[in-house]
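The following pair of complexes shares a single chain, chain A, combined with chain B in the former and chain C in the latter.
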Partner chain A sequence: MVEENVKNLREGPMGWVKFYRKGIGYFAFAMHRFSGLVIVFYLYLHLFVLSHLLVGKASYNSLVTSVTYGPFDSFLVLDVLLALVIFYHGANGTRLALNELGIGLHKNKVMFYVFEVIAMILLGIFLYYAYMFLGAS
Partner chain B sequence: MEELVVEVTRTDEKGNPKLQSFNVPKDKVSTVLEALLYIKENIDPSLSFRYSCRMEICGSCGMEIDGKPHMACSTTTESLKGDKIKVAPLKHYNVIRDLAVDIDGFFDKYKAVKPYIIRDDENVKYESELLQTPAQFDEFIDYSLCIKCGLCMAACPIEGSDSDYLGPAPLAAIWRYVADNRDQGAKYRLEIASGPEGTSRCHFVGECTEVCPKGVDPSYAIQKLRGSMVKYEFQSLFRRH
Partner chain C sequence: MAEIEMNNGREVRSSTGSIGRMFQAASGLFLIFFLGVHLYVAHIDFGHPIQFFTSVIENMHNPWWLAFFIVFVWVISYHAVNGLGGIIKDLTMSEKGKSYVNMGMLALYIVTVIYGTILAILVARIPLP
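Up next is the complex of A and B:
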């Protein structure tokens, strides 16, 4: 074997997003990581926005009003996507926690679909009430 | 005669990957290994790949076929859709040449988990075999079917991003011996499995189980192992050292 000709085919984290011919477990894993990153990013963004309260009411109001215009602004779309990500992550996380306890190990695919369907129904209810609240205000 | 295009990822003289296509006769019964052997015997004798038993026992001919790890000897060309198949070396291994990969790293990890029966009374001579009930036998038999082909290591995305992670096959081997009532080496193995590169790195993707040609189900074994580890760690709190 010629040592300098040895090439490693380790894909690294980029391999996480290659779904081609992979099972539903792979999709669940990749989306769990992606949604986790989105939630962490949102957490810091949220803290950044709230930190303007330290400066004063005017500073905070100025920042918030500069990115939101009316009930159908672009940030509302991002809020809906954020809710989607959180509901997905929560449902899949619950499934994984049950797996850790030894529940449903051989019914993983079914559990994934059941939990995600429940999560999407809950998301729909959440969005409905959020829309009603928005309409009321 | 109908033909099949086999696109092989080979290595050039500098060790870099390059694609090369070959036309081979197509039929309903030939395997991918037979297609590669046809290329080697009739078109390009320099094509390198590893194989031995041709019947999914030796675990030598693992390779990536159409983007997924398979045994070349048990994958028929008919089972793959289309008139073109892509064959590449297994991911997460060092490529020696063409489709032959270096499996030393995998075997080092496998050996590290002590894949053999350990007894506290090693020097005692038994007058008969250590008997087991069918139920005790059923606890581990599925996991003893592993042929060490390493497909699960190539399919695992965690293995692909962390070379220190033990990986599905070695962890399933730990469970195979922990579940065996003749074995008394759980204390050594659970120590390895509970380490930073053990079961805690598994994210239960399940691809290892999807690709296993022998139905070993490493992802299930890893979760069972986790349960045993929790029990072991809890008991160790009350154990006298």
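Up next is the complex of A and C:
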């Protein structure tokens, strides 16, 4: 139940990640919110980076390179994690949107797995090509 | 519209449906398209991803892409702020607190949309290197 999921969220930030015995429904609910918060944070970070286009070519290219690769290319891991939460959020959000339209109301669990499997396959394809063309322009 | 949310593999009806949730769902579906195009253009684009300064400026000089990104900013900002407000309101008990959250989110949306739109227009006016 939604109210029950919200009650679980009110346990505090650490309560969000206590998935044990709460079922796949709570996992989908909590992770949708967590991934949404990550994407909102990235949205404003992205706007900040894009603002450097106004500063000039050297500044922007330097910033994009530094936030993409980071020290010892470690930020590439964060890029992969960001892509993961975006694809997860998109797939689960599509399921919820279809629910709003009355589609798949009685097949929620199956739809969750199907949409997430499709999303992870698409994520793999995206990461393969994105890595192939990394740094190209 | 009545909603059914998944919980522990069971479907449970809820009567908390609202216009806001419908708009959230509709904007989310639009974002699947917008974000799909954006990720493709920015990271793949037939081996020429639009990522660095020159390619971004060239892209934004095309009025269709400029319009695309302005609409993208409007829709993603709505979806983000509405979602963020929903999460905060779920953690806030009082009605007064919820109304403050609504006002704060509206202000955040307006600021984000104005900033994003002006930024896109200014970037489109940067002369090509």
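Simple rule for what comes next: the second predicted complex is superposed on the first by the 107 of 137 C-alpha atoms of A that agree within 3 Å, B and C clash if a C-alpha of one lies under 4 Å from a C-alpha of the other, contacts with A are read in each partner's own complex, and residues count from 1 in each chain.
The rule is short, and it goes like this: a contact is a pair of C-beta atoms (placed from the backbone, for glycine too) under 8 Å apart; a residue touches a chain by one contact, two chains touch by 3 or more.
Small disclaimer: the values here were computed from a predicted structure and weren't measured.
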Can you tell me whether chain B or chain C touches more residues on chain A?
C
Does chain B (first) or chain C (second) touch A:20, or do both, or does neither?
first
By the touch definition at the top of the document, which applies to A:86: first (chain B), second (chain C), both, or neither?
second
Where does A:76 make contact in the superposed view: on chain B (first), on chain C (second), on both, or on neither?
neither
With both complexes overlaid on chain A, does A:126 touch chain B (first), chain C (second), both or neither?
second
Which superposed partner A:96 touches (first chain B, second chain C, both, neither)
both
Quick one: is A:63 in contact with chain B, with chain C, with both, or with neither? Answer first, second, both or neither.
neither
Give one of first, second, both or neither to describe whether A:108 is in contact with chain B, with chain C, with both, or with none.
both
Could you tell me if A:29 is touching chain B, chain C, both of them or neither one (first, second, both, neither)?
both
Set of chain A residues, in rising order, touched by both chain B and chain C:
1-2, 4-6, 9-10, 22-23, 25-26, 28-29, 96, 99-100, 102, 105-106, 108
Sites on chain A touched by chain B in the complex
1-2, 4-13, 15-16, 20-23, 25-26, 28-30, 32, 96, 99-100, 102, 105-106, 108
Where on chain A does chain C make contact in their complex?
1-6, 9-10, 22-26, 28-29, 33, 36-37, 39-40, 43-44, 47, 50-51, 53-54, 56-57, 60-61, 64, 86, 90, 93-94, 96-97, 99-102, 105-106, 108-109, 112, 126, 129-130, 132-133, 136-137
Would you mind writing out the residues of chain C in touch with chain A in their complex?
1, 3-12, 14, 16, 21-22, 25-26, 28-29, 31-32, 35, 39, 43-45, 47-57, 76-77, 80, 83-84, 87, 90-91, 112, 115-116, 119, 122-123, 126, 129
Residue set of chain B touching chain A in the complex reads 11, 14-17, 66-68, 89-97, 101-102, 157, 160-161, 163, 203-207, 210, 219-220, 223-224, 226-227
